[in-house]
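After this come two complexes, each holding chain A, first together with chain B and then together with chain C.
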Partner chain A sequence: MTVEFNLNGKAVQVSAASESLLVDLLRREFGLSGARPGCMRGQCGNCAVLLGGSLTRSCLLPVFRLEGCEIVTIEGFVHSKEFTDIEYGFERAGMDPCRFCISSKILVAHSLLLTELEPSDLDIERATSGVWCRCTSYSSFVNGIRHAAKARKRRYNERNF
Partner chain B sequence: MSAISERSRVFVPTGLGELLQILKAHPDATIYAGGTHILSSRNTPYVELPEKVISLHQVEELTRVTRTVKHVEFGAGVTLGRIIALGAKALPPALFEAIRTLGPPGIEHLATVGGNICVSGRLMTLIPILYLLEGRVELRSAAGSRWVRVGRVHDDDGRLVLEPGEVMTRLRITPGSWNRQAFKSFGTIYLPQTNPLVFCGLAQLDNGVLSDFRFAITTHRPRMIRNRALEAELVGRKVPLSKRDYEAIETGIAGVMEEQAIPRGSIQGRRAIRLTEWFAQQLR
Partner chain C sequence: MRSIRKMLTHTTHFISDIYERNMLYCYTVRAQQPSAAIVSITPPELPEHCRFLTARDIPGRNRVMVLGELVPVLADLETHYAGEPIGLLVGPVLRELMELATRVEVQYEPLPAVQQFHPDDAEHLQTDFVKTVGAPEQAMRAAFQVVEGEYQTEAQEHLYSEPQAAFVQAEDPDRIAIYSASQWPFHVREAVSTVLKIPQKRCVVRATDAGVALDGKLWYPSLVAAHAAIAHRATGRPIKLVYTREEDFLNSTKRAPSHIKHVTGLDRDGNLMAMQVTITLNTGAYPLLSDEMLKRMMVAACGLYNCRNVRIRARAVRTNLTPMNAFAGFGTAQAFFAVEAHAARISEVAQVPPQIWKEFNLLRKGQTTITGGPAKNDLFACGAWDWILSQSDFARKHAAFELQKKRRIIQEDLRASARGIGVAVVSQGSGFLGRGEEILGAAVAVRLEESDRAVIRSSAIPEDRGIQQIWMQTVARILTVDEAKIEIAPVDTDTVPDSGPSTLSRNLTVITHLIESCCNAIKRRRFRSPLPIEVRRVSKLSRKAAWHNERLEGSPFSGESRAAAVVEVEGDAATFETNIRGIWLAVDAGRILNPEQARKTLEMGVFQGLGWAASETLSYLTSGESWIDYKSYHPGRLMRHPKIEIEFFGDNSRAAPQGITEIAISAIPAAYVNAITQATGRYLDRIPATPELVYEYLEDDE
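Now for the complex of A and B:
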């Protein structure tokens, strides 16, 4: 089947079997390898992308669900201002995730800060529960999110003035 | 809109009328809502879709949320993420907690209310709390519609009671005015070895007297556990409950669990008793 959708700000068209999953399509058709195929059951969180701005597992998105959707992968997200907040936060916390899960951790942090600029411990715990990779310490991940939240608030305040 | 691929035929209706017509023509088709159950319970890295699939994601009528004085109605295709976005104040706390604990972010923007209720063979996380909140679902077909209680969507063997050509379109709940609500979930329903158990409790107190008390428990088995006789026995009692009441709770819960072949001394049996007692202790 052929579907048209928006990928990282560009309209794209792709023909694939309806069983094909987005995580495979991104690699095979578009050469985007930031979303990693992990458990392929929507549990490990390494294949995270943004679907219409919301965090989603690309291994749970078959091609027929993509028609008219807006997908942002880590490759598109790194060009946004929001990315700079997360990058700053992670650096401040001395967080250095492995190459396998870094894209998911960035998108998880962004997704949380979209809904809550002052996340509680419970909010952070819940958000981070979606990424299973424990390459970094949990506390540095939490600190990274807190620093990113401060950076984003500061940026928003500067913009308002 | 339809498309034919090598293995399966996927229909993507864009309206309820079109959906019902497709269902009439293909009553054996598999309904695909969020797909989280279908895709996460597979045992292969690739997807094997059924021969015919109807995807609901473009049916706008299924994504509406409406609220009246007495009821809240969700379209069957409303995602759990959208319900969370409504906020904790818009929903009964136990239902909100059930939805929040259902899965990590990333799942909630795909998983739908209808999908959670309509998974065959398992009573998923939302079923017990929706049951206690007198949830009813609308089942529609090209021939008409009917409303069914959430507790009756599955038969005793866990099979869906939907007729061929029927689809769940709406869920209606009555939030009511409960003084105490509780929702606790342990383990995962997908892995029986985690001894999964979901406990929900609702209670209403009037001047220190228990005027309504309901609880429901589900495990990985296809039957809901509820002891109406025990609930009726506790109504009218003063809180805090007496030692005799706690003994009645322990005996009553152990009895209904054993009817489901869950021994009193098993992890699930002990959890069920302790959780009901814990909920009773909250009634002050």
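Now for the complex of A and C:
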């Protein structure tokens, strides 16, 4: 089947078997490798993308669901102002994640900050529990999100005044 | 600190990122029977574009050798575990190969299988080592009281970032390039050249990102690379072989489960008179690395305690399960869990608070260890012991929780929410035992070029960026060059020397020491010889590390780090979950080269130790189920915790740096379980201590 959707701000059209999964499509057809194929069951969280602004696992998204959707991968998100908040926060916290989980951790942090600019411990725990990886210390991930929240608030305040 | 943005702009780090236009996929066909003779293997009718390969298609030897032990590349006569590779399907569409694999018909003649691990299974004993010091039997007979305990640990999944994978393609007409995320790239080269029967110089291995592999990518990538290389030889096309996460969980190597029995004789004051330890390790189908593991476990079997009458027996039992061997520490974590859980039991039986009992029985600097070497340091002299007791308020809390426990026992209300606190003391020796390092002969080269540029060449695979930073800081400090001008050459077996396997904190101790040595040699020649100057150094056994590997005598390691850990918990009466209220870690690891990174490494170790001790269960291994409930294996289940307090001791510029990667993984489980034991009033002697297990223990005694 052929589907048309918006990928990282550009309209794209692609032909693929209807049951193909977005994570495979992104890597094979568009060379976008930021979403990593992990458990392929929606549990490890390493294949995260933004679907219409919401965090989604691309291993659970078949091609036939993509028609007319707006997909943002880490390769697109990296050019946004929101990314700079997360980048600042993670670097400020000395967070040093591996290349396998980094994109999902960034998108998870962004997704949390979209709904809550002063996240509680429980909010952070719920949000971050969706990404599996042994690579980085949990406290630096939490601190990274807190620093990112401050950066985002500061940016919003500067914009408002 | 590398920029986050920079990490995202480079696209090819993992084998799953590699795409070549004419590449084919390779999928592993696996045995269904855990133990059987293979009568025949019949593939389904294959489309023209697919191939099916078996052991008969291997041009060279059908085996991968790991430190003297063998594992077949493709089983041809017998299967030894369900999931053992027996064939390879090669074709352009992975899903088609997966479907074809379900239709491969294999005729078996079943043989007796050992699915459950029995520590007394003499029939399947592979290795049996015994060490005796003093007169343990005589001392045991003379003991005032004897304390016994049996301790069990389960398998643990390494859960590295990318599942096992390999990519193989032709480089020149008669050379092949192998891309592998191995911790030991030269082992991959050796394995592939043996399997393909070609000289090693016709293979080049290029390392991809292995991430935090925790020894899960020590030897298994060599097997996977060999499979991809066989497929490449048969088709002449680039081959990509990437396991799914499920395939990896079901079939790759795990932490070896253990059963350790302690029998300890005490004098009237509760002090150690004799220790008898029997270690049994479940190595799965192939006892790879078991020699090194068992000997390290024997060295750690009596913990850091001073006992003059000791008998240790260590055995490896072969079962029909997936091969299970090293996981950060090569078994020392299992040994320390057992001895520290047993020490808590002894102090309770002797009616001496654990901190007092330890003060009387821990080795002091200068005393002799069970291997006959001198104890080079202790936690008392450097202040670590005092710090951890005062920071955690251990003595007061332990006494208060004991009173609460006694009240609950009197009131017959052990299920009420309660608190507990536990302590454990462990050590970590870096590098392989004794002469192992000399046999491996790790080599590193450093080159100083014009314009003060420096290049480090080594096949060591850093588990994180911190170790790379330490290497660069070392070069910058000795050669007084700008850190920005230092490059770490990509790992390519054609251009870097063989630095041996990246395990047992060798990257910090052996490799950093060799880099220092190279830089010092360059420094001496710097203004006498023209640039570029390149120096290569090979590791040699230190004279101090005199070690007899058969008798287990002498100093097993050139240096050791030590740590004390305290964990405080509160049990939830309704759910039997355990909430962690405090974690303290005091570490004496010599010179700390990068305190921030060292802290992060320890914190990660705390999580890995807690995961193993509290939640990570692999029940499918023995139940025969092929469906994995990943939710029961969530490594982040214990994320809610208070700040981990970590302090370093013995850090001075003259002390040699010691490894710390595994020390928290060894210390935390015993401290955690000892805390639960106090909170529940039941001796917990198994990990993972899941809520279900805690409930079971409370029910049993009720």
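The rule we apply is simple: the second predicted complex is superposed on the first by the 161 of 161 C-alpha atoms of A that agree within 3 Å, B and C clash if a C-alpha of one lies under 4 Å from a C-alpha of the other, contacts with A are read in each partner's own complex, and residues count from 1 in each chain.
Everything that follows uses one rule, which is that a residue touches a chain if its C-beta (ideal position, glycine included) is under 8 Å from a C-beta of that chain, and two chains touch if they have at least 3 such contacts.
Given the structure is predicted, the values throughout are model-derived calculations rather than measurements.
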Room on chain A for both chain B and chain C (clash or fit): fit
First (chain B), second (chain C), both or neither touched by A:L60: first
Touching partner for A:S129 - first (chain B), second (chain C), both, neither: both
Which superposed partner A:H79 touches (first chain B, second chain C, both, neither): neither
Following superposition on chain A: angle at chain A, chain B versus chain C, Cα, nearest 10°: 90
First, second, both or neither for A:M1, with chain B first and chain C second: first
Partner chain in contact with A:S111 - chain B first, chain C second, else both or neither: first
First, second, both or neither for A:R41, with chain B first and chain C second: both
Chain B versus chain C as contact partner of A:R99, first or second or both or neither: second
Touched partner set for A:R154, first chain B, second chain C, both or neither: neither
Smallest separation of CA atoms, chain C relative to chain B, angstrom: 5
Overlap of the chain B and chain C footprints on chain A, listed as residue numbers: 37, 40-41, 43, 129
Chain A residues within the chain B interface of the complex: 1-2, 17-21, 37, 40-43, 45, 48, 51, 54-57, 59-62, 64-65, 67-68, 108, 111-112, 115, 126-127, 129-130
Chain C residues touching chain A - in the complex, by the definition given at the top: 1-5, 7-9, 11-14, 16-17, 19, 159-162, 209, 211-212, 214, 244-246, 464-466, 596, 600, 603-604, 607-608, 630-631, 634-637, 639-641, 643-644
For the chain B and chain A complex, residues of the former touching the latter: 3-8, 10, 12, 34-36, 39-42, 45-49, 53, 55, 57-58, 81, 85, 100, 104-107, 109-110
Residue ranges of chain A touching chain C (in the complex, touch as defined): 27-28, 31, 33-34, 36-41, 43-44, 74-75, 78, 86-87, 90-91, 94, 96, 98-103, 106, 121, 125, 128-129, 131-140
